[in-house]
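The data blocks that follow each hold one structure.
First chain A sits with chain B, and in the next complex the same chain sits with chain C.
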Partner chain A sequence: MSSVTLENVVKYYYPAVGAADSKPVKGLNNINMRIAEGETVSVVGPSGCGKSTLLKVIAGLEFADEGRVLYNDFDVTKITPQDRGVGMVFQDYALYPTKEGKNNMSYYFEVHHRSAEEKEQRLRETSELMGIGFDMLMGRQVDTLSGGEKQRVGIARAIVREPNVFLMDEPISNLDAKLRERTRTEIRRLLKKFGITTLYVTHDQQEAIFMGDRIAVMRAGSLEQIGTFDELYYAPANLFVATLIGTPPISILPGELAHGTLRAAGQTELALPEQLSGGLPQGSLRLGVRPEGWLVAREPEPGSLAMNVTRIERLFTERAAFAHGDVNGAPVNALVPLDFPDAKMLYLRPDWERAYIFAADAETALHVPGVPELF
Partner chain B sequence: MSVGTDVIEPRPAVPAVEGGRTRRRWLNWLFVIPAILFQFFWGWYPMVIAIFLSLTNAPIRGAVTFRGIENYVRLASDPLVPMAFRVTLIYGILSIILTFIIPIITAILLMEMPPKTMRVMMILWFLPLSGIASTLFWQYLYNEKFGIFQYIATAVLGLPPQAFLSSERLVLFWLIVPGIIMYGPGLYYIAGLQGIPKSYYEAAEVEGAGFWRKIWTISLPRLRPIISMTLLFSIIGSLQEFTFPDLMTRGGPNGASRTVVMYMFTLLNNGRIGDSTALAVMLFALIMVFVLVFRLVFKSDPDV
Partner chain C sequence: MSLFPTVGRKQLGVRISWWLVVAFLAFGVFMHLVPFYIMITTSIKPATEAMAMPPTLWPRQPTFAAWGLVLKLSDIAKSVLSQPLSKYFLNSMIMTFGTMILSIPVTSLAAYAVSKLIKGRAAKNLFIFFIGTLMLPGIVSLIPSFLLTRNFPFPLPVAPNIPGTDVAFPTLRIWNTYWAVIIPAGFSAGNFLLFKGYFDGIPDSIINAARVDGGSEFNIFRRIILPMSIPVYAVVAYFTFGATWDSYLWPLVVIQDSAIAPLTLAIRRISDAFGAAGTTNPLTAVGASAGISELVSQGLSWNGLMVLGLLQAIPTFIFFIIAREYLLKGVKIQGLK
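Up next, the complex of A and B:
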């Protein structure tokens, strides 16, 4: 087991033959990252952001064009995947179809000419770790297994060889919702048990939050921010991270700041607290408020934003409701109590303690609430 | 039935509405009939008639008279018949050995190339060449006086002049060589290889598998259905070979490259229709034996 460090990793991509623009594209743009020993980091981002490429560079299936990849302090940048000792789990399972579950797991031992006793012992240990009923899966042809069962074999195959690093590429995206929930709990349990350094790639933020000790947010080949959920949520590095993390997403309203007053959404004048407006530049800004950051009223009040309500979504299981709508055209979501009556209009005031301010023309965060100190 | 339980009645097999939306049986037949008619007139009917004709005098005009196995007896005493079968067997086995493995290896190697190179190589490999034009071209290459192979043999390798297609001993080998290059089931293999998800290879790589092990444990097992199909087709095809040797050598020298189908054609041209069909039936039986052996060998498919 080892820590993983990426130093200024750059990976170029060459567009398809015959494409109009044949200049290489940066698939990974100067990635710096350190995953501590035994830590799980989930990587989240929209499709095509380079998260799978990042995984492949760490596995050695792709080589970094610039920069270094280190396991502990050992430089593996140029080392082939065969010699890196990683365990990998794939979205489409990638089990060898002509073999039984057991033979899938023993592939590594065959390739490396290990003794039969060692193989048997590791298979037995892994089977015990994987939990109830796993030894039954080992005896079956993989074609006869269901998706969830296949992925259990896939995970077992990755851990049976005691990997230095454990890499998972959207391992549960192919499963149905119910099974996904169960499998992710299962994977989390196993990761905690093994304490293996893990990189978990997903496009689902819920899954990323659930799996990772820390979450890395990627976009267009760049690492936007890496941190715990609270850090990403309360102190996003930029507008992209702020909008990606959180469901329903943060509401963003354009505004003009002049003399301590913010004219938001082109209509209402909001008085900013002294300590907030002091640090901000005058002129155009963007105000970000999360659903729970609105103070909601049913009657107009001075200094409140009028929201056209399109729908109130009542989440009975969560004992809460979300009002969806817009303020002067900008989409807004607000958290309301579950028994909140239906309304055509709502009047919102931002809770300035929980407000985010972003630059108008760049994505820079000018002010974030910061991680609350709860204890 | 006990009280208080919901009993689910088995659903009736017939739709509740008379003439409901089940596809009618005659409609199924309507779709199948063209294929059956085609298969009947160009497949089964000629086959049955050939077997029948092989037992008659099979005149072009006049009454057909039943002659029993007379045609077969006559063929058995014809020394050209065993010769033609010998040529066909050697040609078939040689061409399967030489032309079967190489396209698989080539396809696998092609897949390892960078995409750009691969595309160029595929165009070269699968150029839609006219069969007859390239046959004539090969004839020229083999020319004993000014062919390029003769040049390579004498001027480059310093060998004595080679007979090539006029050599009774080696003519079959030289006839196979173009097939190694031109025969193209490679396209099937490439299609099959491209259908293998990349993650299989990645999974094998992170487990330490090198190039050959990946081929052996992933590519070949996955190509198995395609391989068995092309092998079957090339067994049948090579035992029925006619066009290529006919164009290249006309069966010469001294019948050293005269296949069974070529001899059948000669008999037909001489008006010996009964003998010709009898020979066809014999070849049919031979091919069936090969196919049965093939089915027995390839029966155990681990995928199923």
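Up next, the complex of A and C:
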């Protein structure tokens, strides 16, 4: 087991042959990252943002064009995947279709010329780790397994070798919702048990939060921010991270700041607290408020924003409801109590303790609430 | 069965068109079987009956005399066939399996490289280069290829002199050897296309998984890719076998020594000899050698040629049955995703 460090990793991509623009694109743009030993980091971002490329660079399936990749303090930048000793799990399982479950797992021992006893012992140990019924899967032909079973074999194949680093590329996104939920818990349990350094790539925010000790947010080849969920949620580095993390998403309203008063969404004058407006530049801004950051009233009050409600979504398991709608065209979501009666209009005031302020033309965060100290 | 829906079979229109299709296909099968029927029945007819007009549908006196005579052809008529028939058979086998042993690994590894190992512009250019060789009719390259077998690497009748000397460049001559048939068939663009199409269908992630497992590129090919690709290998093996076993024009050009001639050339020679003797058509008789007269008197005419035709066809048929077995075995592996 080892820690993984990326130093200024750059990976160029060459556009398809015959494309109009044939200049190489940066698929990975100066990625700096450190994954501590035994830590699980999930990587989240929209499709095509370079998540999978990042994983391939760490696995050695692609080589970084610039920068270094270190396992512990050992430079593996130019080392082939065969010699890196990583375990990898793929979205499409990538099991060897002509081999049965057991032989899928033993290919590693075969190519490394390990003894039959060692192989048998590791297979047995892994089978026990994987839990009930796994030894049944090992004897079966791969094409007779269901998606979930295939991925269990895929995970077992990755851990049977005691990998330095465990890499998972959207391992459960091909499964149906119910099974995904279960497999997610299962993988988390296994990761905790092994304590292997893990990089978990997903496009599902919820999954990233569930799996990762820390979450890395990527966009267009760049690492936007890496941190715990609370850091990303309460102290996003920029507007992109703020909108990506959190369901329903943060509401963003354009505004003008003048003399301590914010004219938000072109209609209402909101008075900013002194300590907040002091640090902000005058002029155009963007106000961000998360659903739980609104103070909701049913009757108009001075200094509140009128929200057209399109729907109130009641989440009975959460004992809460979300009001979805818009303020002057800008989509807004607000958290309301579960028994909140239906309404056409709601009147919202931001809780300034929980408000985010972003620059109007750039995505820079000018003010964030910061991680609350809960305990 | 998927040509028509199972539902609605009872409707008259569907039923009629169903039977029309069946009749059409049956006709096709019939048309393919008629030549074989004629070959088989003629081969067991006596010489005179084989020449009878109108031909008989079933031999009145079935006899295997022609089979016996053909197998001893070289003993009876040395001038027609200098080597025993089994020798030509062996020559054909050597050329066919030689070609398969060389061509299938070369072609499949090239296809695998272009499909999975080389990326981007280089892969595209290589692909176009290989496929480009398909665009040229084989007949166009016949003479240059022949010259190459004489004076490799010069496609010239005589190798040029080394500049400034009277000494010709050393050349490699494979003409009139087995290699002249085997080496030019070492790479087949058509089979390359088949292999590449199949390898393209294998997800990269399987290869990546094997790389992470520590398999070398060749080990991955041998242990992971090859077992998955049995069906395409079966198809290509069958095609290669058929094409080489039945090739006539190229061996005719590059093989002169009858000791290494394949069966196709031998059959042609016998057929010509019979033609000259007037056995196949009295009008074209130009004079027969003693050996041929002997054969004819013993009862060999078209029936003998049919025996030779069957001998030529049987190995392809057997090989087809073997290849088909593996083809069906491979269908199970298809469920990749």
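In this text, the second predicted complex is superposed on the first by the 375 of 375 C-alpha atoms of A that agree within 3 Å, B and C clash if a C-alpha of one lies under 4 Å from a C-alpha of the other, contacts with A are read in each partner's own complex, and residues count from 1 in each chain.
Please note the rule applied: a contact is a pair of C-beta atoms (placed from the backbone, for glycine too) under 8 Å apart; a residue touches a chain by one contact, two chains touch by 3 or more.
As the structure is a prediction and not an experimental result, all values here were calculated from the model.
Superposition of the two structures on chain A leads chain B and chain C into a clash. Contact with both chain B and chain C is seen for A:A59 once the two complexes are overlaid on the shared chain. When both complexes are overlaid on chain A, the residue A:Y108 reaches chain B and chain C alike. Contact with neither chain B nor chain C is seen for A:T317 once the two complexes are overlaid on the shared chain. Across the superposed pair, chain B and chain C both touch chain A at residues 17, 56, 59-61, 80-84, 86-88, 90-92, 94-98, 107-108, 111-112, 143, 157, 161.
Listing the residues of chain A that touch chain B in their complex gives 16-17, 56, 59-61, 80-84, 86-88, 90-92, 94-98, 107-108, 111-112, 143, 157, 161, 167. Residues of chain B touching chain A in their complex: 115-116, 119, 197, 199-200, 202-210, 213, 217-218, 221-222, 302-303.
Residues 14, 17, 56, 59-61, 80-84, 86-88, 90-92, 94-99, 107-108, 110-112, 143, 157-158, 161 of chain A are the ones that touch chain C when the two sit in their complex.
On the chain C side of its complex with chain A, the touching residues are 120-121, 124, 203, 205-206, 208-216, 219, 223-224, 227-228, 332-333, 335-337.
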